[in-house]
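Given below, in the form of structure tokens, are the structures.
In the two complexes below, subunit A is the common chain; its partner is subunit B in one and subunit C in the other.
Let's turn to the complex of A and B:
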């Protein structure tokens, strides 16, 4: 293997890995704050992709115009699901919330098959059709677009969590709910806000995914949920730094796997996760999972 | 300022507070003394709204607060510094303090409150950006008290604040309580170290097995035979 190839694999690992960090961020946030493993996260992403797809086909223009709308639509759906369902089971054991979230996931993907059919969709634009050369690597503009959007959003979430009262309250609930209540923080309100942020991020990720890849209602589960889970575990709950490093690490590892042992990329991701669960269950930087 | 009548608390089927009455005059320091498991923390949790009593009433400044949620009580000026501190260990000292002033009324006085806390506990100013978990036990207790003050309370409730601390540090903390009280904050404090707390309280209640066994001012309690035998060891 020559140096050029290694460079390309790492470069793509960084670019796509950062996008996947954003994809995983919403899952990680809800897990840390509400202790719910929202396995419907993949469907949230795909709904965002459909919003972008239909708006693009209706209004045309640049797909980036539909970034915020995709986030808002999915954010709203997340809020409704939180109010109707998840708020009733926060604080219960993981099994209860997992079963409920599985139900949500199945209903959402089923509804999408009915509404949008199972045909593969693509958003054909400048982003998917044109590439630039970085060194010897050909990188599609969609990846560059997704990389910068992901960086900006991750930074915004970081600032929100670190520098604002709402962000402090979200972290407080994640660390010690009883103490947070003592500060006058209303947990239900924080769960709702965290869910909006999580679903918004999923919707925005959906826009990026739509610009980059083809999709159907099933890819939420097959392509995005599993890897979000892997990245979240690897990062450790409650660490944004961990999320970025884990995203880049996993995607780079998968890139190398695709060269040496094509077809085993997904297995590689899970293998790394299992190793972490066995030997470092708190992840790279996590504090919340003991 | 605070008037509790006939408070009864159950956890599941087990009743732990049996008709407790307690009155705290404005501006005073009142002690709630008693052995392990007597019900001090449960009483405080009822005042802060963390558990709901199944019987009885809690009046705060003539307002019935028995069924208000904890946030509303913080807003009204009740602040609990819990047993075991309950800091946010992975957050900075500053974030811990700022969380104390999360409520609207407190937020508008955030700068003043922060100054007040840092004047009271100057060591916290040096540690503002450190994680709370890196502080010593005494500093953590100071942080917990400071965080409680950030909500600009008129009633500060301290649940066994000296637990696990070295005697010199306990002195510092008790001195701070005196100063806080001089600034006009009413204090309700629970302690197992009865002789320490008798030095600062105006009035004390002794709670045993969920009932008030006796009450009186510091002098009366100090002279009481039961107190001397059971708590002071003399």
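Let's turn to the complex of A and C:
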């Protein structure tokens, strides 16, 4: 394998990996804060992609215009689901939230099949059609777009969590719910805010996914949920630095796998995840949560 | 005191009056005896004679006759679907219901079974029936291999790891196409020559699979395995503490579950013309297994049956009804063909919110259907006083040995300080160190425990008392040092084995199994404790005897969740007794009890020592109780042993007062004494 190919694989690993860090971020956040393992995260992303798709087909223009609307629509859906469902099972054993989210995922993907059919959709724009040459690597503009959006959003979430009162309250609930309640933090309110942020991030990720790849209602579960788990586990809950490194590491590993053993990329990601769960369940930087 | 000498049972005293004695039995004989003549068979016969059983038999007869009737094609398909999901639901039920896990990748065993059967039958020309069997066996083997690491995980990590396993397996099978045909799959057209009509053959095979799955699950539920599984589901720590090997128990269940799914997968290739990764590992199948088991009711043999009977026809019906149905709305053309999955999902969500134990769980709660239990209430005789140690003379002890905890610091009645008698050592703790990060939780502690003594272990919070217990019982490995039991090194033994060697422990917070009955709690301990190969009847006798000793026999068939806290603590003691250890470690057992409850429990503890000849080490903060009951007291402070002596000595020890009250206090006490 020559150096050029290695360079390309790593470069793409960094660019796409950062995007996947954003994709996984919503799952990681809600898992760490509310202890909800939101199996419907993949569907949240796909809903974001459909919002971008339909807005783009109706209003045209640049797909980046629909970034925030996608985030808001999915954020709203997340809030509704939190109020309607997840809030009702607070205090039940942690597997209940897992199966409930699983039910939500089924209903959301089923609804999307009815609303949007199972046809593959693409957002045909400048981003998906034009490429740029970096060194010897051909990178689509969509990837560059997604990379920068992901970087900006990850930075914003970092600032939100570290520098604002809301962020401090979120981290307090994540670290020690009971102590945080004693300090006067209302956990229900924090769960709602965390869910909004998580779903917003999923919606924004959906915008990037729509710009970059083709999609149908099924890809949420088949393409984005699994990898989000892999990155979340690898990063360790509560570590943004871990998310970025894990995203880049996994995508690079998958890129190399695709050269040596095409068809085993997803398996490779999952294998790394299982090894981490077994031997280093705290991930790269985070802490273990039940 | 002279009375206490009389009350200690000695080897010679016991057998003379004994009506019943535990002998132990051949484990292999026990296993088959219980399988054939045990509760599983008894309950199966009862079931077949009940109205429900008759309906079941009727259903099976109809099912057998159905293909012989004309024009039943559609009905056949619906029935086959029901059988298919009963079998897969039962498979999932064993690990997901009884085992209490969520398994997002259970379809993997179905897939492995299908591939194993197809490969052995098509590529190696094996007899079809043997190939079916291979499907089950190889799936079970696969369960063993992946279960060994993966079953150590809990909760969400297990669920996600199984999802990963399913995806990895599917991709690897596609990748090694020389062997598996890759994405093209393996053509199984050869099966056509085996049967006249493969659809009818497939129908009967699924019928057989569902009956087989039902029977296997029934026998698992009414077995020791079922009891252990339910105990683990309630509290893995509690289960380990009474000697249940959590990993091996789950692994056994996993293998049985994988076998059933493998057989179903193997039978299923009959109606497939080609076995491909997509058809053999459909993710949707895991979804359906989970939903059917959940809605019908996990941890109940009838759960998946009800789930499959309700949901599978609904599935077929809705798919037919909604096929091609579409409406236009705001320019969107809505195609409802796949609408059934939404209805499925909505039913599932409603069930989670309003019927969290499923339909069978609701019936159990209402008392309409009895919960499955290895214990038959009617056959357990309580109040017969079949005792292991009949030398216990109730009234005499009640009079002489009731302790007055106000008389703190009285002379020890038994143990090391008795003049002229060198008591034998039972437990030796030598130079134990335990570090957490940079902190010495236990710092070079050496402590001897003598046979039959009541040793109190005290110290301020964070002194390392519980850590020391955790090290002795194998819950933690020490950083350095040795623990000897009867002169044998036991340092770092696995926690669940400590009881087998003779060390039992209770936890600061009770680790009972709330959804099991009192008797089931104790029976699980009798089966898995120190006594080897306890037969079923012996297990019942041991449990009844332990409950009577503690005074809980009237609550034997109550659910533990109905018990108040001091009853739960007594239950922990009964459970410990049933396990028959030599040394009992009690971690703050009277914490949270009122004075009269404390006194009652202290009496029981003393009786366990006096009448059962046990050695008891207990951590306690209630000084009155410690002072009154202990023969000897050891004091830990900041991980170090700072004092060791009789209650009288300890109460005057300057270092101890210092540790508890600070240096000024000890100055003051010196002052006062002078």
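To be clear about the criterion, the second predicted complex is superposed on the first by the 287 of 290 C-alpha atoms of A that agree within 3 Å, B and C clash if a C-alpha of one lies under 4 Å from a C-alpha of the other, contacts with A are read in each partner's own complex, and residues count from 1 in each chain.
Just so it is clear, a contact is a pair of C-beta atoms (placed from the backbone, for glycine too) under 8 Å apart; a residue touches a chain by one contact, two chains touch by 3 or more.
Not measured: the values here are computed from a predicted model.
Asker: After the alignment on subunit A, I want to confirm one thing: do subunit B and subunit C clash, or do they fit together?
Answerer: They fit: once the shared chain is superposed, the two partners occupy separate space.
Asker: Would you check which partner chain A:267 touches, where first means subunit B only, second means subunit C only, and both and neither mean what they say?
Answerer: Only subunit C is touched by A:267; subunit B is not.
Asker: Report the partner of subunit A that touches more of its residues: subunit B or subunit C.
Answerer: Result: the larger residue contact count on subunit A belongs to C.
Asker: Quick check for you: in the superposed arrangement, does A:281 touch first (subunit B), second (subunit C), both or neither?
Answerer: The answer is second: A:281 touches subunit C but not subunit B.
Asker: Once both structures sit on chain A, report the angle subunit B, subunit A, subunit C from C-alpha centres, rounded to the nearest 10 degrees.
Answerer: With subunit A as the vertex, subunit B and subunit C sit 60 degrees apart.
Asker: So, does A:238 touch the first partner subunit B, the second partner subunit C, both, or neither?
Answerer: Once the two structures are laid over each other on A, A:238 reaches subunit B alone.
Asker: Tell me which partner A:229 touches in the superposition: subunit B (first), subunit C (second), both or neither.
Answerer: Once the two structures are laid over each other on A, A:229 reaches subunit C alone.
Asker: Identify the partner contact of A:100: answer first if only subunit B is touched, second if only subunit C is, both if each is, neither if none is.
Answerer: The answer is second: A:100 touches subunit C but not subunit B.
Asker: Which partner does A:179 contact after superposing on A: first (subunit B), second (subunit C), both, neither?
Answerer: In the superposition, A:179 touches subunit B alone.
Asker: After the superposition, pull out the minimum Cα separation from subunit B to subunit C in whole angstrom, please.
Answerer: 5
Asker: Between subunit B and subunit C, which residues of subunit A are contacted by each of them?
Answerer: Looking at subunit A, the two contact sets are disjoint.
Asker: Contact residues on subunit C for subunit A in the complex?
Answerer: It comes out as residues 100-102, 104, 149-150, 152-157, 159-161, 163-165, 167-168, 171-172, 174-175, 283, 287, 290, 294, 332-336, 338-339, 341-342, 344-346, 348-349, 352-353, 356.
Asker: Taking the complex as given, what residues does subunit A use to touch subunit C?
Answerer: 37, 85, 88-89, 92, 94-96, 98-100, 102-107, 109-111, 113-118, 221-222, 226, 229-230, 233, 261, 263-264, 266-267, 270-271, 273-274, 277-278, 281, 290
Asker: Please name which positions on subunit B make contact with subunit A in the complex.
Answerer: 48, 50, 69-71, 74-75, 80, 82, 86-91, 95, 98-100, 102-103, 107, 147, 151
Asker: Could you please specify the touching residues of subunit A with respect to subunit B in the complex?
Answerer: 165, 168-169, 171-172, 175-176, 178-186, 238, 287
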